[in-house]
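Two complexes come next, and they have one chain in common, chain A, joined by chain B in the first and chain C in the second.
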Partner chain A sequence: MGKEIELKTAPADYRFPTTNQTRHCFTRYIEFHRCVAAKGDEGNDCERFAKYYRSLCPSEWVERWNEQRENGTFPGPL
Partner chain B sequence: MIESQRHSYHLVDPSPWPISGSLGALATTVGGVMYMHSFQGGATLLSLGLLFILYTMFVWWRDVLRESTLEGHHTKVVQLGLRYGFILFIVSEVMFFFAFFWAFFHSSLAPTVEIGGIWPPKGIGVLDPWEIPFLNTLILLSSGAAVTWAHHAILAGKEKRAVYALAATVLLALVFTGFQGMEYYQAPFTISDSIYGSTFFLATGFHGFHVIIGTLFLIICGIRQYLGHLTKEHHVGFEAAAWYWHFVDVVWLFLFVSIYWWGGI
Partner chain C sequence: MMQGIMDLHHDIFFFLILILVFVLWILVGALWHFHYKKNPIPQRIVHGTTIEILWTIFPSLILMFIAIPSFALLYAMDEVVVDPAITMKAIGHQWYWTYEYSDYNSSDEESLTFDSYMIPEDDLELGQLRLLEVDNRLVVPANSHLRLLVTSADVLHSWAVPSLGVKCDAVPGRLNQISILVQREGVYYGQCSEICGTNHAFMPIVVEALSLKDYCDWVDIHQF
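The block that comes next holds the complex of A and B.
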């Protein structure tokens, strides 16, 4: 018997109390990139934001937003 | 007029204008759909329909004018009915604009992630509310004051002064429209630039359209005042135009505060 796998999603956030978590996902995505911009991607400071948005956001959205950031057309406040 | 009439209600004569207006509206609708879907003859039918409506409006109002000013059918009770009718019309106009404000606040109070969750959306260079829009607020408020001046002149029987006051009102209205046109021309965004452009031009554009209608209404009042159609006791047409003008004025104040000012921060 190996170690049990721990399954976890993003914790409940009082800013996003509704069933629809679209905005929660989007905000975590932005928070991750703001964190990286501020602290760099060496340390593990920003890792938790990445976990949150990855568990909340559909991967197609993340792909699209990554593309938009590369093209400089991402509409969010980074 | 029937000599045995024992009441003061206006029983209108049969008129061809309701059906001609309806046919014009039908041609406009069908022609408009055809035109927008690039059918052959669409533009022709659309123009024909609009021409028909314009013609109907002219002759129908000409008849109303004859019935009221020349034949004296607009008794006190008829005037009351006209006032009620016009107030209900303005109420329906309020609802019309309410819908556009609803669309604006729906889109701006909780901006979707597609526009980055921010308002105004990134890349929209908003217009400074304290330049042309604020000047236009002052111009429109002044024209509201001028129309009140005209009203007092009519009530006091000062006929010439009423014409001058109406001319001043119309002049201010034209300056407002000119500034709006200029600002539209120079605006850094268009109606197809995101939900911001859509809500902005839908709301302000329909307001501008109503300003133009109100201006035409006031011009007609000015001409009728000049011709001596309006008296101290009887000037329902003028009152309706003044109410309409104040309505357009109030809509602008809401547009200025919510769309130009709050919506641009």
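The block that comes next holds the complex of A and C.
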């Protein structure tokens, strides 16, 4: 048996009160990368945004966005 | 949510029984009292204001009493206010479901992800349900607020488990959220509910609700 898991996930967000949560995932992804751009990679301040977007976004989407960021073709504001 | 649906059903059933008894009573009464042997020359009545007012007002009152809890439930179903304990993702594929648990990740790569295929008829063991059993079930804890994000990788699907009162379209490029609270430990079955191609009928859904401790053990075993 491995380490104890923590039962915690992205909280309900009042900006996204509807069934459609597509923007919720996208916004959290952007928030993380803006945070990293502003505060640098080291601090743990941005880690919670990373947890949020990983909880919310399908891994396929995250992979595609990571690729697009590397190629400079990411469509969102970073 | 299922509790709400059942409560509404019971509310409406109260009115249903009331109306049924009343209509049967009038019907039998009319057959009895106006039988041609008892009442050979029928009376001709063409208008009655009082009764017309009554049979307009009463049905509208009844409809109102049905509409209020019905709308309350309708809007309560869309609420996403409660903070969930766990987020899971169900991704529809032609023709199987993929489930992702990424709450416990520390990088983009590692995540608890698995495909859930139907068990073919020839491989079924005794007691397993034909066309409903899958190889990897969606494991959830009972009595916890769960968030399920439903999406698709190819065409439209629909993730539905009737016993949990849940049905949600899986749309490519869109995340639909549903809140689930499983009130009892057990196994719940469902099927894809949006025609999605040849094997639409062969991509069932199985939810296994465990106690919180068993769920944590399950995650431990599969994650690390």
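The definition used in the following text is that the second predicted complex is superposed on the first by the 74 of 78 C-alpha atoms of A that agree within 3 Å, B and C clash if a C-alpha of one lies under 4 Å from a C-alpha of the other, contacts with A are read in each partner's own complex, and residues count from 1 in each chain.
Quick note on the criterion: a residue touches a chain if its C-beta (ideal position, glycine included) is under 8 Å from a C-beta of that chain, and two chains touch if they have at least 3 such contacts.
Everything numeric in this text was worked out from a predicted model, so none of it was measured.
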Fit or clash between chain C and chain B when superposed on chain A: fit
Contact breadth on chain A, by residue count: chain C or chain B: C
Touching partner for A:Glu60 - first (chain B), second (chain C), both, neither: second
Partner chain(s) touched by A:Asn71 [first = chain B, second = chain C, both, neither]: neither
Touching partner for A:Leu7 - first (chain B), second (chain C), both, neither: second
Which of chain B and chain C A:Pro17 touches, first, second, both or neither: second
Superposed arrangement (fit on chain A Cα atoms) - minimum chain B/chain C Cα distance in Å: 8
Chain C-contacting residues of chain A that also contact chain B: 22
Chain C - residues contacting chain A, complex: 78, 80-87, 89, 91, 100, 102-105, 108, 111, 113, 144, 147, 149, 151, 153, 168, 173-178, 212, 216-217, 219-221, 223-224
Chain B-touching residues of chain A, taken from the complex the two chains share: 22-23, 26-27, 74-77
Chain C-touching residues of chain A, taken from the complex the two chains share: 1-12, 16-22, 24-25, 51, 54-60, 62-63, 66
Parts of chain B lying in touch with chain A, wherever the complex brings them together: 113-118, 121-123
